[in-house]
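First chain A sits with chain B, and in the next complex the same chain sits with chain C.
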Partner chain A sequence: MKFFICIFTIITSLFSSQYTFLLEKYDKEIELEAKILFDIAKSSIKKDIKLFIPKITNIEKKVYSKYFILAKECKTSNFIFINKTIHNDKSCNKLNKLFFTNNYKKLLSDSKYYGAFFWCKGRPNIVFIKSRLEKKSIELPNNYNQYIENF
Partner chain B sequence: MKNKFYLMIFAAVIIVILTVMFSMILKLEKETKNKMFEISTSDVFSIVQNSANTIQQYLKNSTNYIDDIKNDVLLQKKIDKNLQILITKNIKYAYLLYKDKKGILRFLADGSVTEEKAFLNQKFDADSPIWFDIYEKKVPLTIEHTLLYNLSISHIVPIIYNKKVELILAVDFSLKKVKDTDEVMNLIKNGILITIVCILMFILIFLVQIIRYKNIKKTAFYDKLTNVLNRNYLQKAKDFFNLNDYILAVLDIDYFKKINDTYGHHIGDEILKRFADIILHTTREKDDIVIRYGGEEFLVLAKTKRNDNLSALNLIERIFFNIQKNKFHISNEDFINITVSIGVNLTPHYSKNFSEAFKLADIALYNAKNSGRNNIAIYDEKNKENSNISINELNFAIEDDRVICHFQKIVDAQTQETSYYEALLRVIDKRGNLIKPDKILPVIMGTFMLRDISRKVLNICYEELLSNQEIYINVNLSPEDLINEPIIDILKNYATKENIANRLGIEIIQSEEIENYENAKNNLFLLKKLGYKIFLDNFGNGYSNFLYPIEIQADYLKIDGEIVRKIIDDKDSFLVLKSIVNFAKDANIKVIARCVEKQEIYEKVKTLDIEYFQGYFFSKPDLIK
Partner chain C sequence: MKQVVLFFILFTDILFSDTLESLLKEYEITSENSLKTVDEKLGNVFIYSQKDIRLMQYNTLDDILKELPVGILNKNRFGFFTLSLTGSKTSSGFFRFFIDDHEISSAYTQSASQSWGDLPLDFIDHIEIYYGESSFALGNATGMYFVRIYTKSAVKENGGELKSVLFANGSSSHSIVHSQSFENGWSYLFFLNKNRLKDKTEYNNEILENSKDRKYFYVDVSNENTNINIGYTDLKKDAYMGLSFDVIPDSSQIKSNDFFVNITKYLLDDKSIKIAFSMDVENREYEEENVQGIGLIPVLDLANMGTTTPKYFSEDLKFTKTNAYVAKSIKYKNNNIITAFNITNKKYKVKNRKTINFLNQTNKLTEYNNFNEEMVYSLLLQDDYKVNNNLLLIANAKVDKYKRESYIKDSIESLFRLGVIYTPYENFGLKVFYTETYLPPSFYNVDFVDKRSPNLKSQKYKYYSIEGVYTTNKSKFGIIYHNVKIDDFMYLTPVGFTNIDHAIKTQGIMFNYEYQFSQKNKINLNYFITKLNDITTSPTGGGYIKFVGEHNKLGYFSSLIYKNFYKYDGEEVKNSFDLSLGVTYSFTKDFSCSIKGENLLDKSTKSLYTKGFSKTDFPLNNNDRRVLFSMKWVF
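And then the complex of A and B:
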């Protein structure tokens, strides 16, 4: 009997990696995103950062709240990260805040964004546009130089 | 402590074996995985190289690859299409990169058709320095991704112009390829692990069983009371002892039965324990073997050193003296001293096997006991010629019917006519010499052979009585014969025949054994009832007492030959003889004077009222004519 219990324990422990359904859903991509974004925001704003993410999901709330003070609405924030497609929402545009996106195309087409963090070919990519940084008087540390594009 | 040490060694060995096994599995896993990946991707790599060659073909007229592609939309589309062909389930991305003046990698073409398609000149954040190594090495390279969550490897191929890497064709493999490989590897790994675990479990169970078997074996071979080896061990190991390496000593505690009877079996057991302790402490743990082969009988095999058996004999002497010196406590305050008789065979290697060597040590023990106990007797093979017959010789003698009886007359004192014959055991050896009982009895005492010899002698006497209805024959029986049921049954059977029991006298000697065993006495009374006459032999020697003949209802007293021989010169002996005769008269027991060997003895015994004489003066033992 002991022998079979031992065998059973060994076999079940060998396949323990299969039991991921027992764990809470966790997104590594969001965690990495939040970390990088925190670094960028910290380098861009000298004051306390109040992040606003439109249509924020629960998991995003959970992960981002570890790094940022999350603002409930755009007007109480000073750093806005647009990571979803939002139509006809121009309330935030009027305000003098820093806009960041996760879409390279948006960065190129909309001048309110001073930078983007996005995934390209499965790799994290960061791009800042030099003219927009200057316009907003943002001075990034030297280690960001390789990400600044001069269009 | 020793067991703990071995357990730690065992655990360390198991850990080392497991570590080696697991590292080997890991190594095997890595190598197999690489090999499997190499096999499954080698064709893909060739196709990527072909694609790079095709792009180079598109640019065969170009002197500036980068600018030409940037400025030619059609060429871009052509290259994009070429790259699209490469995208499969396993190849997630295929794209063309160039390095700008700042050293930043940028997209020139991309095989992706979805939103993932990169823009022309879009910056490519290189995740590994290998991306830049290709400009130095100028050969295809593979980059393994450990941090990217959906890519496994990238394969990059240089497109060279004028010995300079101008473009890089890159393909990214999805995780699926690796996952497929990993799944197979995991199956193999788990299979190997389960097999190893099962094998280890079986080895463990096997070892546990071996340990349990050894423990059981130890229990079976060790005497629980004394913690020395037991008779089972002797039975098992006796054929494997190298008799050249040992001397044999047989030890027997003197009067142990009396100790048991006087103080109880509990004290007897305590004494045995202490006795064994002394032997164990005196002997050498690794060299000597101590076996308890009977109640109070121990066997010591003392190891000798290259033909020097004196040191081994010294060891036996030390045991002897240590036992003598030791106080054996029978309570907290009281103690007794015990003694031991030891028989030693100094040359066991002269014997054919252990049993024979043991028998010789046992003969020496018998001699030690006969010499008054509390001593060591040594069996000396060198004096064999003058000593006893061997067991083997006796066996052959029985088989060859060379066991016979000579008969000595016992004559009536008045008429000098033969009244009885005493049957005397003789064995004819191979050379035709007659061997007398003094050379036979020490060998067979305490053995089954005594019973066989007694049966043979009884049969000879029975045959003589049947063939001659006029004669009376006396036969000597030992105390052991009197408690031996087969012998008693033979005598019972003879008594059923007419005119046999009344003509067959049973000669016994007074002994401790008969006195101690109620059974022997009862059998004597039974024989007497059946008509047999009881002759008490050697009466008057050291151990005789006058109550005994009356107690066993003896019909005849045969006076000890030593007394008779001495009566000519020794007045005391004559007085003893006279007293015995007078006692016998009063007890209504007839007297036989043995060893009447000369005229002078005859003249002297004649003066006493003795009924029968026996001795060389009248006849020598011989066959009945």
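And then the complex of A and C:
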């Protein structure tokens, strides 16, 4: 009986959408960002993902660590998500890593990024650049085709 | 048993597995719920999310304010909607308005209605309304309720939007929003609006003109640690009733413009130091001509009405408000401490002011009194202490030192608040606040003071509120009880502002219910009732029922706002029922059209007005029935 009550609680919590008081900082958006990035990273890298986010905040640490192994520095990571302004961080420009950004302009101007997750016209978007995927020998699943652009 | 559990986990994993597309959609919906900035510690909060604003077709700030429980939106003699405490028509200072971090209330009246009441919401992301003292949160002037208006994020918009709203009565409003984020982390959001809102009311077979021409401009330039906001608004309109004794001025005009710049900077890696600087410049021009006489209280001498009553009055005023704020937050064990220091300077300059009396004598006036500058030094401290995961204690204290160098004496005022937020269960919570605060007299109060008792005192407030919230998966039920005692309550009599000689007591209860049929469809119910120990001059209760949702390309809403009847000096002002309906159809992701009908039953709320020195007020409708059509193109 306890087992079924437990299962019922899990299912109802999955559908729960109302909140009572928001006493902790609202992190559902970061949670979804982490989920989206996890989906992208696991589709791009076949081995274990070690994520590095420069200048990571405490709330990002808390949320992203549910999905990723977080690397403390760039050199021990294989997937780097740049979501803040970083000035000339040359130590993080290794070839055997994947770079992803949240800034479309950065994606266009810097060839180290193979994709970006950003907002445009008030809607979230994902773009991968085909030539950069080919250069890094990344084969994304078919459901990603709509996000690949051929520049 | 293990096999059953494994099967169940696998089953739920498949059932709830997220594709990238569905995750993106959920991310967009979550973002539209606008919960990121909510701060429960500031008071009892109402949220108007981006989704609510879009689907409910709230076009201007007043569209939201008119349905707010506890506050009553009255139209004043100059044709501006002002938010008053339930049961009264007194407005200045209770409600504070902020665009992002910047307070936009007028330095003259402490009200935002003249410059910002018709603020179009095209560049607004969401609005939070707190029933609580604002100055603890943001350091500045005191107020019992505050409205935080958050502009859209340039990073999230990252594009352009054109919107036109056309009204059946010939009114129109046109807006452009453009934003872009750059590689270096900076971004900008730019907003421009021009509108002409036609409005007129019939009174005694004559027409009271209240049409307005407005322009709004706003720009936000930001990066991760810095926000620079610049706002400008420009208004030209007739004065509606103005100050005329017979309520119908022969000719009148109001012109005003309001400009502000606000710079906020966060320092240190954890952004624990916040510094902010702002400056507001407000120009107000007023002109009225009326052969029946103008009730300009500051110049009237009741013993000598013949030579002191003007038939023409004009003035050109300039107000500047400068504000500097520094705050440091510290986390220590379970304490979250914020300490801040704030300096505000307000200046009032008369550029031109003159009257012409019935003997055709022109009087060039300067200031009505010597209250033309105010410095306020404030020190504030907040600590919220997390006793455990279910219990949070909050304490705020603030000291304000006023320097005025005028007949209104310098003073030191203090305010404090204690609060408890208790959530014994995940779906049940209680929130209790006790606050002691005050509202100082404004330049406007002092200009229009009752000359028999010119030493206006600050109004002193003691109030507490208790809120209970119960949630299930799809519904949320809330009750808020409030109890307010006001000493030295200030109100406008026919001969000027005065502090009332007895305590005003009011208490009320509010019920809120929300049921989400699905992620896209919901219904909201609200009912509130208040009791006042004095004469009521506006509704004391009301509520609303709203249904809003979307299906595929169609968005729809219906809302009925009710305010109860009340009696004033034998005059009964009837119940009002403001029914609005609207639909939005999205032809493509980027182009949509909407149609909306407001006050369809033509049973609008009414405001009370005084004619001359008459003791009997008369009511007039606040709104006409209106239909509007809008088009939005995103590029």
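Worth a mention:
As a convention for this text, the second predicted complex is superposed on the first by the 127 of 151 C-alpha atoms of A that agree within 3 Å, B and C clash if a C-alpha of one lies under 4 Å from a C-alpha of the other, contacts with A are read in each partner's own complex, and residues count from 1 in each chain.
Here is the rule we use: a residue touches a chain if its C-beta (ideal position, glycine included) is under 8 Å from a C-beta of that chain, and two chains touch if they have at least 3 such contacts.
Quick caveat, the model's predicted, so the values are computed rather than measured.
By the touch criterion defined above, A:Glu29 lies against chain B and chain C together after alignment on the C-alpha atoms of chain A. In the superposition on chain A, A:Ser109 makes contact with chain C only, while chain B stays out of contact range. In the superposition on chain A, contact of A:Asn143 is made with chain C only, not with chain B. When both complexes are overlaid on chain A, the residue A:Thr85 reaches chain C alone and has no touch with chain B. After superposition on the shared chain, chain A has more residues touched by C, the comparison being chain B against chain C.
In the superposed model, A:Pro124 makes contact with both chain B and chain C.
Of the two partner chains placed by superposition, A:Lys46 touches none, neither chain B nor chain C. Within chain A, the residues touched by chain B in the first complex and by chain C in the second are 3, 7, 10-11, 14-15, 28-29, 104, 120-126, 146-147.
On the side of chain C, the complex with chain A involves touching residues 1, 8, 12, 16, 18-21, 23-24, 26-28, 30-31, 35-36, 38, 40, 152-153, 155-159, 161, 181-185, 223-224, 269, 392, 421, 423, 426-429, 431, 469-476, 514, 516, 519, 589-590, 634-635. Per the touch definition, chain A reaches chain C in the complex via residues 3, 7, 10-12, 14-23, 26, 28-29, 32-33, 35-36, 39-40, 55, 84-85, 103-106, 109, 118-126, 143-144, 146-147. Looking at the complex, you find that chain A touches chain B at residues 3, 6-7, 10-11, 14-15, 28-29, 104, 108, 120-127, 146-147, 149.
Of all residues in chain B, only 92-93, 95, 104, 116, 118-119, 122-125, 127, 148-151, 172, 190, 193-194, 197-198, 201, 205 touch chain A in the complex they form.
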